[in-house]
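Chain naming follows the written order as A, B, C and D, and within any one chain the residues start at number 1.
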Amino acid sequence: MTERDQEVNLRRRLSGLSRLPLLRGARLNGEAERLERQLERLKADTSDEAIWHSVELARHQDRPYTLDYVGRILDDWVELHGDRGRADDGALVTGIGSLDGRTVVLAGHQKGRDVKERLDRQFGMAYPEGYHKAMRVMELAERFGFPFISLVDTPGAYPGVAAEQHGQGGAIARSQAEMSRLTVPTVACIIGEGGSGGAVAIAVADRVLMQENAIYSVITPEGCAAILWRDAGEAKKAAAAFKPDALHCLDLGVIDGIVAEPEQGAQADHAEAARLLKAALVDALDYLEGIPGEELRRRRRAKFRGMGVYA
Amino acid sequence: MTERDQEVNLRRRLSGLSRLPLLRGARLNGEAERLERQLERLKADTSDEAIWHSVELARHQDRPYTLDYVGRILDDWVELHGDRGRADDGALVTGIGSLDGRTVVLAGHQKGRDVKERLDRQFGMAYPEGYHKAMRVMELAERFGFPFISLVDTPGAYPGVAAEQHGQGGAIARSQAEMSRLTVPTVACIIGEGGSGGAVAIAVADRVLMQENAIYSVITPEGCAAILWRDAGEAKKAAAAFKPDALHCLDLGVIDGIVAEPEQGAQADHAEAARLLKAALVDALDYLEGIPGEELRRRRRAKFRGMGVYA
Amino acid sequence: MTPPPETRIDVQVEHKDAPAPAGKKHPNTCPKCGSHYRDDELAAALWVCGQCGHHFPMRARDRISWYADAGSFTEEAADVRSDDPLAFFDLRPYAERLSEAELNTGLGEAIVIGQASLDAHPVELAVMDFSFMGGSMGSAVGEKFSRACDSAIEQGVPLLAVTSSGGARMQEGILSLMQLPKTVCAVEDLHDARIPMIVVMAHPTTAGVLASFASLGDVTIAEPGALIAFTGPRVVQQTTREKLPDDFGLAEQNFRFGHVDEIVPRPGQREHLSRLLRLFDGGQR
Amino acid sequence: MTPPPETRIDVQVEHKDAPAPAGKKHPNTCPKCGSHYRDDELAAALWVCGQCGHHFPMRARDRISWYADAGSFTEEAADVRSDDPLAFFDLRPYAERLSEAELNTGLGEAIVIGQASLDAHPVELAVMDFSFMGGSMGSAVGEKFSRACDSAIEQGVPLLAVTSSGGARMQEGILSLMQLPKTVCAVEDLHDARIPMIVVMAHPTTAGVLASFASLGDVTIAEPGALIAFTGPRVVQQTTREKLPDDFGLAEQNFRFGHVDEIVPRPGQREHLSRLLRLFDGGQR
């Protein structure tokens, strides 16, 4: 595909998207113009720099984390702790809250703000226990018919000895399986780093959204560079090659919509970022709530089973 | 109740039972006479000695354990290991096998035969991981419609620091809950010691059987004596008071039938004990297999919800 | 809130792992910091030590008066009493222990159930009382808890259970063990009806009660310092000779190991429960 | 059983935790005990070292010839090939790597699927091949595995999957990550149809494949010494600086920690699988 073709393709997708019920709120909130601006930016987006800018913003130390959003977008909130087996994993928080009058169950990765909290929360890298906790609250959502919302923000699942011994791979697989079984509406949003298995473990949703400057990828740019370029310093090159930014994820059919951020990025205005995120989540739930549970599950599985490009 | 009343009462129960489809096999195999003999023995059973004899036989070091029966009553057998989370608990074995042409899933406590195995298997006292493993195979049974059989033989759940930290109480509760949800036929048999929560965790079955000399109790005789008599040496007295023997369990409506043992007890003739156990299990499954799954579950819950005597 | 008729906790021999009975000490002496309180002071403070935050045991009726909106509580199954199916006799007859417990506590059994509202949210309550034979669960407790589940289903309101128990009541032999699957089945019936259960674990929540309905809450909160263990510290130590961690079996350890959702001191409980009830009221199904 | 066209394993750079490539050594030299074998010797021994039991990698077609009753295998989806949606180019273009892999292995992709019988039990096979770009999972592997699930459903026969993979194929970027939920959803569709899946984990079963369908077997067996890890030992050590246990990530450790049902050396596998298929055939529903 030439750059020109690529642009045409994306313009078509974006204009199509703006007609979807999902983006009704976006239109109402004047996000259509934002998408236009995104499109403009895309023309320059073939540069390594533009993609790298997303990588940097996605990891920005002032970027809002899950609990920053929870405090702003939910009216009531009770955090639920523990996997009922071994631990309470601070890298993945779960709870029950009220979103615009609707009770929802929420799970999200949580990075730490200061040094101590970062260590306590393992930089948002969950152990298997974190995914077990997420599965527990998914079952709670299913039992009482509460929509399930996940906020994804992790460099990846924790790469440690105990995490392996406790079954990191199996936990990630089973968390996805659990999500694929739910009959309640599910919405995931990548709000920062959507890193590999640790991210997708809680992102098998009816609607998968990404914030404008979030990234979603199979490996960190540094990890990819270390393996393919044999030099972790080539991270920019790797990112440019595997294209973890929201527009490319949308283009590849991996996500269902992009959530706008404040002009300078979510880190610059938490309140505004939260307002935009809340509107997108509410729109997605509005769209999903009329669909019967079995049909939701059928469509969700069909969507993920359709992902990939092969000859 | 006088002893006389007690005898009449039991005779009525036993004769009623012998007409049940459950005991069809028993009649065919000449077990009715055995039950008569049990009844005869009951007249002497008010003595501490008779109950204590059951306690001793139930714990006899030569008594067949779960894997001794598995080898004799199942044609095919594949042991399934591990809870998919933390461990493979040797105190509780699980697997899939073929019973008289039917594929069944089986779980049972396993004591050790020699010193090393006893330590490895913690004397048949399972950790929470053991109950998680049991729940995993219950789900396997449910998914494929295989009947679930449990063989109970434990002094109780393991009373250790890690067992508590890993949630012993919750695991026992959830294992019972899982059994109460199954829609496949379930049969439990107490084959030795049915000790407290560790036993009932896998005994919430459509048909709960007990071998003639097995015991089923809320606490060990020694434990009860230590608390109520303040002297563990009064175990005989305690056993006589709380009556853990099969006949009394039948009388109290806690079990659905008694499985005969060889004349001198199961320890004296493993092959014959296995033959009798197999016949009882097959009879129970024959009886249950016509009943729809939802109805099985409804009746199972109604049975357990009806247990207890209050004013 | 009326002060309790009797604040002394009768630990009896039923519960092996509760803190040692106060002995000669005044029952209102804080076992943690030694502060003394008058009955009315302690009641006004929800039986929480003003000095160190220690949570004294709270009687079932006091807790109901506190949780339930004024005048909203209607007791159910108050007439259910324990029987003595084994004619059990240890150092004293079971029947005698039962009569004494009723006399000392003013309760018919170790649990009180009924309908109420909390902050205007209708709710079914099932509240255990440790002063009645160590909160042990026999047939009557199992039956009353199960009826609370059924009542919650019938009303279509959440069940709020408060646990405090030394375990199964061994004077009822195997029938006390059967209260585990009985109450578990009752909770499963509740869940099939999509009715939530919130559990508050008070000191101590152990053995047969922990290994049955207490562990099956959709949300589980614990009181600070509560012993929450299937096997208590003394038995673990005697049996395994393991060195026990300092906070072995306490609510705080259970929280760290992922077994309870939150530790909520009494002063914040009512608001916490009210928020949960509000949230459970907001489902779409 | 025909000897494989090419026994050298092309580890490439795709799999970071596989044993180091044999380098100058003859590929039939046992890395554990140093024994040498002729190709036909090794093939006759199912690529198991006769001296020490080390399991050499086994090619997909060899395994299929071995598992499947003679002449029973019918390949499916043989025409599915990888595309290059990102026009990915690292030190070399992805398209070039793909062509080379096909040339070197004689395979269209890192998995072969099809219908067969094993000891007269009809079964759907999905067998991965590590020699094709480290068994990495891109869109084509995900699609072929999913089609194997659908074929098993259609035939009403169990799915037998053999895994050997370095993880997701990063040259397909985010689409390779999406093969995790894709294959998971395919297995869930299989399970909804009450069709069993038996998984055999061969060396190495790691990262994206372990974190998706490989972990969802109803029964899971592992080959001795196979690396089974989400994150391999090198990355764990580099990231956390933790001291690794000797058997870190190996099948034996996974067994001890409860993640696999049994470790079955190749000589016993066929009988073990046959027994399992017989048992799964004996359900009442």
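By our rule, a residue touches a chain if its C-beta (ideal position, glycine included) is under 8 Å from a C-beta of that chain, and two chains touch if they have at least 3 such contacts.
This one's a predicted model, so the numbers in the text were calculated from it and none came from an experiment.
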| item | value |
| --- | --- |
| Joint neighbours of chain D and chain B, given as chain labels | A |
| Chain of greatest Cα-centre distance to chain B | A |
| Pair joined by the larger number of C-beta contacts - B-C, A-C | B-C |
| Whole-Å gap separating chain B and chain C, where each centre is the average of the chain's CA atoms | 30 |
| Length of the line joining the C-alpha centres of chain A and chain B, rounded to whole Å | 49 |
| Geometric centre distance via CA averages, chain C-chain A, whole Å | 41 |
| Distance from the mean Cα position of chain D to that of chain C, given in whole angstrom | 52 |
| Residues of chain D engaged with two or more neighbouring chains | 257-259 |
| Residues of chain A touching at least two other chains | 84-86, 165-167, 170, 174 |
| All chain pairs that touch each other | A-B, A-C, A-D, B-C, B-D |
| Residues of chain B defined as touching chain D within the complex | 76, 78-88, 96-98, 101-103, 129, 133, 140, 143-147, 289 |
| Chain A - residues contacting chain B, complex | 84-86, 128, 132, 165-167, 170, 174 |
| List of chain C residues in touch with chain A within their complex | 191, 194, 196, 218-219, 255-262, 272, 275-276, 278-285 |
| In the complex with chain D, residue positions of chain A that touch it | 1, 157, 159-161, 163-170, 172-174, 176-177, 180-181, 196-197, 199-201, 203-204, 216-219, 224, 227-230, 238, 241-244, 248-249, 252, 254, 300-301, 304-305, 307-311 |
| In the complex, chain D residues that touch chain A | 13-14, 16, 80-83, 85-91, 138-140, 142-143, 146, 168, 170-182, 184-189, 206-208, 210-216, 228-231, 235-236, 239-240, 242, 244-245, 248-249, 253, 257-259 |
